[in-house]
Every structure is written in structure tokens, then in C-alpha cells.
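Here come two complexes built around subunit A, the first alongside subunit B, the second alongside subunit C.
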Partner chain A sequence: MAARRRKPRLGVWKFASCDGCQLTLLDCEDEFLAVAEALDIAYFPEATRAAVKGRYDLSLVEGSITTTHDAQRIQDIRRRSRALITIGACATSGGIQALRNFADVREYASIVYARPDYIHSLATSTPIADHVPVDFELRGCPINKRQLVEVISAFLAGRRPVTPAHSVCIECKLKGNVCVTVAHGTPCLGPVTHAGCGAICPSYDRGCYGCYGPMESPNAPALSAKLGELGMDQRDLTRIYRTFNAGSPAFRKESERNGP
Partner chain B sequence: MDHQGPSVLTALGLQALFDSLRHRGYRIVGPKVRDGAIVYDDLDGVADLPQGWTDEQAPGRYRLARRDDAALFGYAVGPHSWKAFLHPSVQRLWTARREGDAVTVTPEPTSAERFAFIGVRACELKAIEIQDRVFVGGAHIDPHYRARREGAFIVAVNCAEAAGTCFCVSMGSGPKVEAGYDLALTEITEGEHRFVVEAGSEAGRQVLAELQAHAAMDGDLDAAEAVVQRTAASMGRQMRSDDLRELLAANLEHPRWDDVADRCLTCGNCTMVCPTCFCTSVEDSSDLTGAESSRTRRWDSCFTMDFTHVPGGSVRASARSRYRQWMTHKLSSWVDQFGTSGCVGCGRCLTWCPVGIDITEEVRAIRESPSKQGAGT
Partner chain C sequence: MVRKTIKVNYLARVEGEGAFKVVVRDGVVERAELSIFEPPRFFEAFLRGRAYSEAPDITARICGICPVAYQMSSIHAIEQALGVQVAGPLRDLRRLLYCGEWIESHTLHVYMLHAPDFLGYDGAIDMARDHADAVRRGLALKKAGNEILTLLGGREIHPINVRVGGFYRVPTRRELQPLAEKMKWARDAALETVRWVAGFDFPDYERDYELVALSHPDEYPFNEGRIISNRGLDITADAYHLHFEESHVERSTALHSRLRERGAYLVGPLARFSLNFSRLSPTAQQAAREAGLGPACANPYRSIIVRAVEVLYACDEALRIIDAYQPPDQPAVQIEPRAGVGCAATEAPRGLLYHRYRLEDDGSIAEARIVPPTSQNQASIEADLASFVGQWLDLPDDQLRHRCEQTVRNYDPCISCSTHFLRLELDRG
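== the complex of A and B ==
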């Protein structure tokens, strides 16, 4: 194969987040070497101190927008990026910190901080796509490393990544798992949750916690009726939809339908 | 033994059957208890069978329960079906490698695995027959299915228990096995624990000839017949099926489709557990260097948006249209396409639907108040 004239330049950017999704890139180990071979890693604070100004062929963005400074910074990154892909629940739905969207941030700040006037947080935590156009969203808390390699490989090949938006149930069935809800009576968010993790929790006899956010056509009210039969009350239902993807429209709506 | 009629095997004789099949090079797959269900998995011997276990099934609910006898096949059907072995959930089709400007494509070889399936039920034999029609019955033969199917040895079992979600009698597909098996067993737990065995193929006759089986007496045959009669009389569900093709075709705008759409999760479980659903999606992958790529097919479902994705979006964007597609295909347009119903009455789609949508109930609702444009009468 003829050598590329220039390797595509990669930037990995962090907003409000725990760094777990960026670390997934390092966690790729063997594949990470191939990533480093295929791409010029120009900006990746978790892995290198080198910072290269200029334009990026691919930007991976982790984290949500929670400050006015970040709201401006993402505009700059978008301008400098040919393709911008968001990775993880924070970047795609606002993350666990979107719990603030259901509360009064100023009231919290006044309780937690000695000098709340130093805190310049926005009232909400919002996904990157609420601020700039995003070329592709990779779901998960954290993202799955196999899916991350797939997204980067697809970008390099100029093809659509294979990251199906159907339910976790389909992943369970492809693996031959026995349904924990039907056979054990265990509450599970699998039927309304986006595939991608490989159905980790049901594979270990636990219900799905919805880490990948809503699937393509979630019918959360119908699932909630079933979860109610399995013993969850309205307070439980409000909480179960209000975790890493609390800010996603489908989960937000269902949590609010069940309680404040 | 050298007689050709039904024979009788003891539980010990059943182990000899396992030994004979293994000796002939078969990979023995059958029922065992795992993860709170009776699943199909590799078996070492008779000791792996779910002795003394049964299943209690209702729409959206499955529980293992203890029997008060030592029956080995005293359950109905579980979450798995044989399609997981004949039509695996993920099947690579080819790999390709680029070296310089040359690309070499290597088709995935077909499987050399020879399965012996233990405990195949009448409804499951019908389902295999239906998938045969899909994969090897037309102009386009699926080589992967054919390889696995042709090598398979089928030990069927006449059902001694009907689950609460069973309706094979309504679909004319059970509970007595009729064709498509190598050996068929009927388990008798009254009196001496024994199995009436019939051979349905030359391969079956050869295996049976090696076993310590004696000719069945009238008492054995009567007991075996009583097992099937009892099961047929205890179906958990019923669904009139003679007019389904016309009934559903005439009710495509019935308000019941909106009603079921409110309850349907569009999760796809019903299609995954259905022993006749055969749809797949084809996925291509390439590695980071672009030197290696492959094409894989995996089970897909008409409940996913990608299933009908075309430029501009999904053709069946609503839950209503997707549930309707699944059910009308299964019960109505399947007849136009393949000459039979696509439903064998196994009840898996009822049991394994997390919210317990009952296909027999949906049909009943439409039948009881057909659309004004109507089914005629």
C-alpha cells in the first residue's frame, strides 16, 4: 500500500468527566500501538504532554459542558476539527453530573463550598451535540474499547462504524444468555438500553443499569410497568433512569414521569 | 436386536445411546440446567440432563421447578432453540487481506461439526423443517446451514409436559413427533422408568441396533400414547389458525396494532427466541491499518430500526409497524412466501417477552372485533 503522505492528526479532548473514556484508549494496549501507528496523536493530555496547535483530522471529545469557559472551548475545537466524535455518556448525554439539571445548582454550591461566589458553573450539564455539530456519538459509561477501535478504524477507512443502536436484549440473545428478568425476576433496563457493552451485567446475573443510555426506540413507560410488577416503586423508578444518562431525553422524561 | 418396530430402552440404555453417538464422532448437545433455566448446551452424558426438573411458564415469566419424579425430559422448551447450532447467531462469511495492491479474499470454510441433538420436540422439528425451506429449500442454498444441517443426528422426544405458553396443537405441530428425526423417544415414568424408541431414518436404525433395547410390548406402546394424549389435552394456550392468513391480511389497520405498540418494547427478544426467525444483518469490519477486513452476518430483528434503514430513515419507524410486520409475516405472509405458517406454537415469544405480549391474545383481540373493511364475515 502506498504510504499516506501525512498521518491523520488526532486530538483527544476532555470536558467535565472522569477521564475513564480517554483511558479506554490507553486500555486498548496492543491496538493502541496500531492507533499510534495509524494516527499522529497530536493532543492527548492523558498520554503525552505534547500539545500541537492547528487543525485536527479527528477529534475525540470526552465530557460534558458545565461552564461558560467550556462552552466557548468546544466551539474552538469544533472549528479546528475535520471530524468530531464524542465518546462516553458525559459527552453524549451530559453524564452523571446532569443530575444538576434536576436541581438548583446555586443552592448546592452554597451548601458545599465555603466561597460559592468562586464557582462559575452553568445551571446544567449538557452533551456536546447541544453546542456544536457532532459527526458521531459513541455511547457508554465508560465506552467499550472494542467499539472505540471500531469507530477509529471506520474513520480511517471512511466507512460507517458498526455500533448498533438496538437493545441490550439482542446482545444477550446473541450470547445465549438466559433473560434475568423473565427467568429470575431481576429488574433490568436492557430492553430500553443501547447495545455496545456486550451485555456485561446480565452476563453476570445482574440487571442492566442503562450505562449506554436509551436505545433507538425506547418504550420506557412499558418497561416501568414491568419493573413495578417486579417490586420497584415510583421512587426506585425515578432513580434507575437517573444515573449516567439522566440527561438523555428518553430517560429524563421517564424519571420525571415517575417522580420529582 | 434386529426387529424394526418400536423398542424400549432403560435409563442405562440411554447412556449407551450417548456413548454410541460420541463414538460415531457426534458433538452431543441437549438440555441442561444453567442460570435458572433449561438451556441447550454440550452434554457429557445422561447425568447432565435436567433430571427431576421442570419449567413453569407464563407470558413474560419462566421459572425452574422441581418435579416429584426423576423424569429426564419433564419440561417443555427453554430460552434456546436449535437454530443457535444450525444457524449460529454470528457467522463470519469471509476475510480479506491486502498486500501491496493485491487483495486476497478467503471465504469462511463451512463447519465440519456433526451435532447430535438430544431432546428435540415436535414443534422444534417443525421449526427446523421451516428453516430448511428458507436456507436450503430454494434457489439460493446457504452453505453454512447446509453443512451443519446435513451432519446432524436428531434424537426427538415426545412431550410429556405442556407449558402454560404452549399451543402446538393449535398450529398442528405437536406434541407428537411425526417426521424429521433419526430416533424418537417417549419417556415413561409410571412403573419402570423407560423410553419407547422409534427409528425414523437409516442412521437411526443403525444406532438403535447397537443398543440393548428390547421390542416394545403393547403396554409400553399404550403408556407412550397416553403420554402424548395427556400433553395434547393440557396445552396452556389455543389459537385458531386455519384462517390467520386472511384474517390478518384484512386487518392491517386494526386499532389493536396501536394498543400492542403501547406495550411493545421493540427490544427484539421475540424474534431472537423464535425457532423459525431467520433474518440476519451483514456487517463489514476493517482493522486500523486497512490491511485486513472481514464480513460477518449476525441475527437481526425486524424490531430494529436498522432492519429497514434506507436513505432517509427507517421504513418501519413506529413500534406499531414493526410489531405488525413481525406478526403478519409469522402468521400470514409467511404462507405466501413459504407455503406454511411461520409459527409452530412453541410459546417462546410469549414467555421471553419481558412484558409478556401474547401472540394468541393479540390474534384473539383482532378476531373478536375485525376491522370494518373486514375479513369478509
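== the complex of A and C ==
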């Protein structure tokens, strides 16, 4: 009998995050058992207490780096991973917790904790790619499950995942949505935001709030001028760029251009 | 002196990163500590200065498993601060959204996180080899809950359609109809789930908990109600801070939520069920009785049955709401920003979730306070461990460790949630 080819080993790792992106794997209800069939789920503590030590063919990494311990841990995971893919806004841009990058983390600790001296947190929240080489970044807060399945399928087939880097505007056009800004004067970050969600907010009569981060070549100053015409002041503009991808260079720069 | 330390350094099948340690000396449990080493993210700090309208989307990111709970507690607290009342179909749609989250979150826990403990597997993937039909049913039931979230909220995780005052867009009756068909199937699957888990073996163990949950005269609680307990507590959310306090625990840097002068208490399915049994739907009450539950339950291992009963209730309630639904004239009520303070508690799948906000004149957030269910249950989790372990000391280490893990998982602890304000040092002994 011919030796069976070893299934690729999957590791799912968590850093500072809400768990939502790794939950997306469990939310692939129709595909989950097929994924478990194609891959050896060797480390995924949210789903199983079995843990295989050693090397991983594919590591999916959720969360941002906010402690010195985590900064060391990601180095070890990188060394043991053939391919390392980051999933979600925390891992790809630092997440909502990167708002500390614009403030004093010691002051933050004193607001939340009775004994801030117990808190050992870095001054910044940074994406995984600031610490180790990353093979592919999947955007979104949270990631989209069809895109996650595409990323895993592409890995198994040895090709690049197809996740277009154009703006949410293209997704609205593909869906046939009426533009919420043009038709209703609703402020929308769609023109500068990375596609992937399927233009959910405009489909619900709401402006995009940028949870997939910047698209490949955003012209944020031009959008800010338009948002200003729609009644947003500088504080509003700073706030809207400073959410779940506040740490991404394009959104950080535009938020700083508009406010402290 | 014989000293034995049982440690699990990375607790599996919970949401977030946690560990526990139990120290036994001469056959007596010296202490039990649940440790949380999830890094803090400082939500209450960076909420300061944000617009009131941003709170639902920002606080949703505390937890990817129960984002609706955070959205609901934040909007109710802020609406109270702004003097806004949301009633009629908008209120019903909020309940419907919560039904979706309960079905999704409870089913995840019942099938994928907790059942493997009772049936002797490491996780649902191994379990699927011998119990494929059950795992498929669980995945399909979870998906049914997620379909409510997707239709009404826009997506399963961090829904985008919730706002202070209502929604951005409300569904038509016709758009809700396919959900009704799905919920009829889900109700049957939920009933099968109750029967399935009722057949598990349960350790014969009860503790005399102070149970705390919302209670509403007309409905099983999701969004509204008084905070009551089985020992006479009966308050509105405004009075929460007078009765509950966060304190440091000896040998630990953890903040535990406790009832002033009474100590540990328990929130979540056992508390809700025991305090609100009569408000469950008739089908859910009957299923609970057939599963061997009385009108109250104090065995934490049986929480898996209570979760299954609550899933059945949520399916019934979703069907009732969809059937009665008439779309409102407007997707949201008008909001005028003003200064004020508002508090609210809602029932997250894991238990009571309290939010409090102080707003400035322009509606900016001046102060925020959030107390998630897992930080409220921490003291009870530790007390369970401390009082159970003594009976199991004859077991081999790996079995003993597994029993302890299962005991923690009874609570479906969501460590990602509790950690934005908790810090426990991991004491490696």
C-alpha cells in the first residue's frame, strides 16, 4: 500500500484581539468539516484541546502585538511555520487597540485599572508584519468567511489568493447599489476602503465605516474634502479614520492631517 | 507535607487566553485560581472622546462571539442617557437579533466546546468521526442563528445595522419569511439537541449559588428587566454600582466582581433559567422537564442542557416575532445629543452585561464602564474548582486536569471580553 501523503498541518494563533476572526473559521458551517478533512488541525485551542507540537505548514495569525511576551512569541511561531498568513484588522494594522498609539498608554492603564502598575503593556499596538515576514494579509474587522475559504483553498493549491484590493465602491457597482453619498448625502468611506466585505453597509443604507482598512491606492484627502462638504468637521474626520484600522499608514496619515 | 499542583497553562475550547491553577496540600485544596493572560486593550479609555453613536460598533469589538450583547447594552445605556424610548417593532427586532446571537453562541458552546468533554473527545473534529450526524446538526443549527444575524445585522460577526435609536435599515415582512422557514427547522433541531445532551452523564454536584439575572414581567429576559437574585436582590441597572463592586483578591491581581457584603455570585444560563422558568415558552418548559430539569438548576454541569433549552426558546421567540412583525415607519427614532448618564444591563449568552456611560453636551463620551459576564463569574468558577477538586484527588493527573477544564468550561467563559478590564498574573508556581 502506498504511503498516504501527510496532510498539511494548520496552526491558529491568537494575539490581542476579540477572537472574531478565528471564530470565522468555525462560522464556515458548510465548509468546516471539509477543511478539517483537508488539513490536520494541529493547534487551534479555541476548537480543540489536542495540540501537536513542532512545525506547521500553515499558520493563521489573529491579533496584534501589544506585549513584549507576544513580540517574542510571534518570532517563535514564524520560525515554526512554512507559511504565515495574518487574518483581520488587528493582525494587519493593529486593530482598535492601536488607538493607544495616539495616546499615552500609562494614562489609558490608569483609567481602566485600579492598579496600573500591574499592567505590562507596550506603548503601541502593532501589526504582525512589523515583527516578522508575513506571506499574505487578509483584511477585515472581521474577515469575510468566503475570503477565508479562498485563502485556505489557495494555500492548498499552491497559488496566490484572489482578494481584490480595489475599493468598496466597485463592490457597490457590482451589487447594483445606489450610491449612498450621491443619492442621500450619507458620508461613506467606501471610496478609500479595501473591498472584501461585499459592500454591506451601503446595502443597509449606511455609509461604509472603513473596517477593511485602506484600499491599494486611496486618495483620502480628496474624500475628506467631500465629507467636509457633507457636514463633517475635523474632529469627525479624525474619528472616522481612527477606528479599527487606525494604525494603517493611509488612515493614520489622514487622521493626523485633520486633528491631533 | 504532600503538595500537588494541577496546572493547565492554556485552556482550550474557551474564547480567549486563560489558564488555571489548583494547589492541593495534604489532600486539602489550598487554593484555586483562574488566570487570564489575555493582553488588555483599554476599551473604557479610548471610548472617552468618541461620539455616542460610535459606541455600538466599537464595543462590539470587545468580543467576536457575542458582539450583539455589547451593541445592545451600549445602545440601551446611551438611549437612557439621551432620554430616548424605543418601542414596538424596533424593540422586537432587537429581540430577534439577540435570538440569533443566543442560537449561534450557545450552539457553538454546546456542540463544539462543551459536548466533547462529556463524550470524551479533544474537540468537535474528533467527535465528528463517531458522532457525525450530531456535529452536522450542530453546525446547521449554529448556521440558522447566524442567518438571523446576517439578515438583520448584515453579517454574523460585528453586525453593522445596529444604531442608537434603532437600525439603519429594517426588513420587510417578505424578507423575514425565509427566516421563519429556517426557524421551524431550527426549533426541531433544538429539541433534538435538548434530548441529546440530556442523555449525557452528569457529575452529581450542586452548589448554593447566589444567582443573578434580569427579570421582566412578560418575557424571558434579553434586553430589559430588573436585576434580581434568588437572595432578594431587586434593582434597576441604575443601582448596579451600589450593589456590586470590583475588588482585588488576595495573592492575585485580579479584579473580581462581587456583591457587596455577600461575595461571589453567578450569572448566565443557570441564573436566567432558575429565575425566569415560568416565562419560557411552553415548548421550552416541557423540553426542560423531559430533560430532567426542575424549575431551577444548581448543577453547573447541567448548564449544557439549560443552554440547549434556551436555544429552543430563542427559536420559538424568533418565530413569534417574525410572525407578528409589521415594519415600523422609520428605521430609527430621532436622537438629540445632550449631557447625561445612562446605565443598562442586557443578557449576553454568558450572562449579565452591564454598561454605563456619561455623555457631554455634544454627545461625546466622557466616561464608560463595562462589566462583562465572565468577570462576574470568575469568583464562582474558582469556588467551583476549589470545592470539586477534593472529590477527584484519586484520579490520575490527566483525568483530574480534564475534569477541572470541564468545570471551567461549564461557564462558557469569554476571556476576550473579561480582559479589557481584568488583569490576572499567571503564577507558574
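Here are some notes:
Methods note: the second predicted complex is superposed on the first by the 256 of 260 C-alpha atoms of A that agree within 3 Å, B and C clash if a C-alpha of one lies under 4 Å from a C-alpha of the other, contacts with A are read in each partner's own complex, and residues count from 1 in each chain.
The criterion applied here is as follows: a contact is a pair of C-beta atoms (placed from the backbone, for glycine too) under 8 Å apart; a residue touches a chain by one contact, two chains touch by 3 or more.
What you see is a predicted model, and the numbers here were worked out from it, not measured in a lab.
Per the definitions stated earlier, placing subunit B and subunit C onto a shared subunit A by superposition produces no clash, and the two fit side by side.
Within the superposed three-chain model, A:253 lies out of touch with both subunit B and subunit C [touch as defined at top]. Which of subunit B and subunit C touches more residues of subunit A: that partner is C. Touch criterion met: A:141 reaches subunit C, while subunit B stays clear of it.
Applying the stated contact rule after C-alpha superposition, one finds that A:205 touches each of subunit B and subunit C. After overlaying the two complexes on the shared chain, residue contacts for A:7 are found with neither subunit B nor subunit C.
Once the two complexes are laid over each other on the shared chain, residue contacts for A:223 go to subunit B alone; subunit C is not touched.
Residue contacts after overlaying the shared chain place A:96 against subunit C, while subunit B stays out of touching range. The gap separating subunit B from subunit C in the superposed three-chain model is 11 Å, by closest C-alpha atoms. Under the contact criterion defined above, the residues of subunit A that touch both subunit B in one complex and subunit C in the other are 205.
On the side of subunit B, the complex with subunit A involves touching residues 34-37, 39, 60-64, 79-80, 84, 89-90, 98, 100-101, 262-269, 272-273, 283-291, 298-299, 301, 303-306, 317, 319, 351-356. For subunit A in complex with subunit C, the residues that touch the partner chain are 14-21, 23-24, 26-27, 29-30, 32-33, 36, 41, 44-51, 66-67, 70, 95-97, 99-100, 103, 105, 107-109, 111-115, 118-119, 121, 125, 141-142, 145, 197, 200-201, 203-206, 209, 211, 236, 239, 243-244.
Taken together, the subunit C residues at the contact with subunit A in this complex read 10-17, 38-46, 48, 50-51, 54, 57-58, 61-65, 67, 108, 112-113, 116, 122-126, 128, 135-136, 139-140, 142-143, 146, 154-158, 160-161, 167-169, 246, 248, 253, 255, 331, 405, 416, 420-421, 423, 425. Those residues of subunit A that touch subunit B in the complex are listed here as 1, 31, 34-35, 37-38, 149-150, 152-154, 156-157, 159, 162, 164-167, 169-170, 173-179, 181-185, 188, 190-192, 205, 215-217, 219, 222-223, 225-226.
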